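Think of it as A, B, C, D and E in the order they're written, each chain with its own count starting at 1.
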């Protein structure tokens, strides 16, 4: 998730002599709804392009300020004790590897990480075999916990999440072509009254901020 | 001051009620268990709604089915000593005694707390919780609470039940004074013949 | 069958208790309000723990502080008619009457439900809820419930309070029979002199 | 009105909530009685533990359940070895989560009612030959019916609405653990699915209304002829 | 032990939960009385609406609050224009969410106690000259203290644990709406922060234990000399 790196970036921005931005973290859906309900926000940084589109369509964005800032990769993870490595392609017998176990991932119909995961598995032709073996989590974090606790032998999460947990190991990275690029768009809101907002948005795209994001595993675009 | 009462109530199996007039004094109400004595008192007090009839005490019409008069219990000014004591369990004895006294208009009061505490022998119970009282102690507090509320009439449902002969005699003397000197009309339920003979100016037998 | 009782209890302000023996029959307990009559009955029944003393009825030692005997109330087999009726509000009259009867060993029972219902005049109340009973009706049910539990002795706390003279006489006759024919020892609290004179084989005055 | 999938979700929700509440009831009664009528050392701790599911965010409770009842957890592994019972990714897990979340509400409601039972009636039962346990069964418990009914209603409603602990502990598996709240949450994550959300939410509301009405009828039945001598 | 930030979170949680419970109390008492003692058409609906926060997933409640109390919402816009009160991204929003979520528990506890008050005592008060309202204040309410205390405890605990509605409605803003559960959730999102989670969770538990102990003391004070003639 964006939470840690963004907090760090905000700290760096404040250290450079600016006012500390007020950050509110939550599911993209919740944030988008708050914006639509008239919440006094300046900037929307979303992990879900669909919700950014929805906010854009309802005319809340300041035109020309939307940009994709970060990218991420999708990882197949296993519990830390599992030493196997795999290559993710059509030949991977994922269903057989799962056995009676389940594949933990965020909700493939609702949450972005799940949607990307489903698309990638489908592109690899693996989805039909595992579709009824999915353990859906409310978020990537829930899916991660299932693998961390050994309840599920495999999980699909963002590379950034996998890197942050010592209880899981990345067994494979999904090929870039197997799903739409994972992008984190940011945009200024029409309602924004803060003079600092545009500056902070520019800062997030700056090399200084990029370094922070990269350290957490994001691929700045 | 006088009673002019006519109340009736339909119960599942039979009718209950009473009809009588009396020009003040103490009316003893007797009758077998289940005759409806308590029910009549409750109807007069406004705690049960009669199906028909009227309740007049002195000049005041407190209930009249035909004329659609129905004064709520708190404005009837009737001092009710219940068959069970019904003390407020969350107030100490003194607070129970003063509950009605404080609500009464000063002009309506006709007994002071000290007096009641004295003749009912409540002096050393004042800071006790009702739950810790013996049967007779609770009954005496209930009598005091009703007298102190400055009522225009008294409804007493076996008020001396559970009192020992000495207390009984003291309370009866007080009731006689209230009847004769203060001329408060009293409706008095009892099964005790001696009590009835001593106190009654009228007798009403139910059932 | 006999009572051998010595119970005492420290209360905040003073001590309460009683000490007496009697060789069966009916022991009337009198004394002013607050003397400790109810407390003594409760201690004998095992509902309050005495600070010292013993309770022996017939051969059975039910409580002995020194010997650390303390039989729980349900195994003392004492039929307690409380000063307030204490009927179970969630059971109809018949179920109240049969509560103790059903729990008693058949060999301990000495009265049948029909008998009790008959002499207490409860026939048309059997399917009523306690909450709808008049004071006297509830009291009669309470008496029946205690008698039917097949007790080895009776503890009766003003059992005739609230009964009309006719019922009173009937119940007293039944108590006399229980005392004389069944020879069940009885501890009987009352303030009524006539009742005491008629029923007492012994008298115990407290306070 | 509802699609086949949606009906399945409703049925599953009813089943999970029903089982959760019935399973939690005996424990709730026992705990309520303990807290209402017994003095023992560590009472505050028991009381505190019961309240945990209220105080901690449901996700944390789910996480703790995962640690304790998961296949690798101290309790879960034993239950699995001895009885073959699994919780994670299984409807039993959803029911366990719902029961745990409902427990504090149920205990408190029953406790309030037990505390309101007149101990003098219990004393009367004792003199009539009923031991402690029989007295509890025949006097205390029936007189606590209002609290028990309230516990059932509160517990059922809470179970119907349970989300965070369930998804964290049991996952979100269609037909197995996807109850109404999980389905609603998933729809909420998708822009433009507000109508589907509303339909499922309406279903939840309808179920709980039915439970409420049933409970009112139950309580009225259990009123022991109230209404007589009312004032 | 706790860092400065963490203390701030604890203080904010206490403040938000305290305000929420105190604000919900009068409404809870009024609703409890209505449901316990008054018959009126549409009673089932009122009862049902009160239970909504239990039955629906908290996130849905947060969303409904957002629709109603957001700056563009029918209520929120008016409150903002007239009183300058805003809820979204503001601690008042967190308190409102907590109060709404606590309401059904509080109403039920108080209702149970009011229903257990002997109406004959209310009748006695009436004959002594107390009108309906005074009877309620001087007899019914004080005798319902066990339910009120239970309501305060349950409500406070529930408020302390409130997460879903708060984050959806009021956002997750440090120092403003980031209460303990939101902070815990944030830490949970970060793998490997289990120690921080545990520390914050322990804080929640400590606060609610303190509330529990206080409530036991309160109830014992309000026992009106119980213990006499116990059986």
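FYI, a residue touches a chain if its C-beta (ideal position, glycine included) is under 8 Å from a C-beta of that chain, and two chains touch if they have at least 3 such contacts.
Source: prediction; values computed, not measured.
**Q** Just to be sure I understand the contacts, which chains border both chain D and chain B?
**A** The shared contacts of chain B and chain D, listed by label, come to C, E.
**Q** Measuring centre to centre with C-alpha atoms, which chain is farthest from chain B?
**A** Taking each chain's C-alpha mean as its centre, the farthest from chain B is A.
**Q** From the centre of chain C, which chain's CA centre is farthest?
**A** Relative to chain C, the chain with the farthest C-alpha centre is A.
**Q** Please state whether the interface between chain B and chain C is built from the same residues or different ones, using more than half shared residue numbers as the mark of same.
**A** Comparing the two copies, chain B and chain C contact each other through largely the same residue numbers, since over half are shared.
**Q** From the C-alpha centre of chain C to that of chain E, how far is it in Å?
**A** One centre to the other, that is 49 Å.
**Q** Counting only Cα atoms for the centres, state how far chain D is from chain E in Å.
**A** 19
**Q** With chain centres defined as C-alpha means, what is the inter-centre distance between chain B and chain E in Å?
**A** Their C-alpha centroids are separated by 44 Å.
**Q** Roughly how many whole angstrom separate the Cα centroids of chain B and chain C?
**A** 30
**Q** Specify, in ascending order, the residues of chain D that touch 2 or more different other chains.
**A** Where chain D meets two or more other chains at a single residue, that happens at 63, 120, 123, 126, 163-164, 185, 188, 229-231.
**Q** Hey, what residues on chain C touch two or more of the other chains?
**A** Chain C, residues with two or more chain partners: 47, 73, 84.
**Q** Could you tell me which residues belong to chain A and also touch two or more other chains?
**A** As it turns out, chain A has no residue touching two or more other chains.
**Q** What residues of chain D sit close enough to touch chain C in their complex?
**A** Touching chain C from chain D are residues 120-121, 123-132, 134-135, 138-139, 142-143, 145, 222, 224-226, 228-229.
**Q** Would you mind writing out the residues of chain A in touch with chain D in their complex?
**A** 27-29, 32, 50-51, 53-54, 102, 104, 107, 109-111, 134-138, 142, 145-146, 149-152
**Q** In the complex, go through chain A and note every residue touching chain E.
**A** 1, 3-4, 22-26, 30-31, 33-34, 36-41, 139, 141, 144, 148, 161, 164-167
**Q** Taking the touch rule as given, give the residues of chain E at its contact with chain D in the complex, in rising order.
**A** Touching chain D: residues 44, 47-48, 51-60, 63, 104-105, 108-109, 111-113, 115-116, 119-120, 122-123, 126, 146-147, 150, 153-154, 157-158, 160-161, 163-164, 181, 184-185, 188, 197, 201, 204-205, 207-209, 212-213, 216, 229-231 of chain E.
**Q** What residues on chain B touch chain C, complex-wise?
**A** 13, 30-34, 37-38, 83-84, 124, 134-137, 140, 157-158, 161-168, 191, 193
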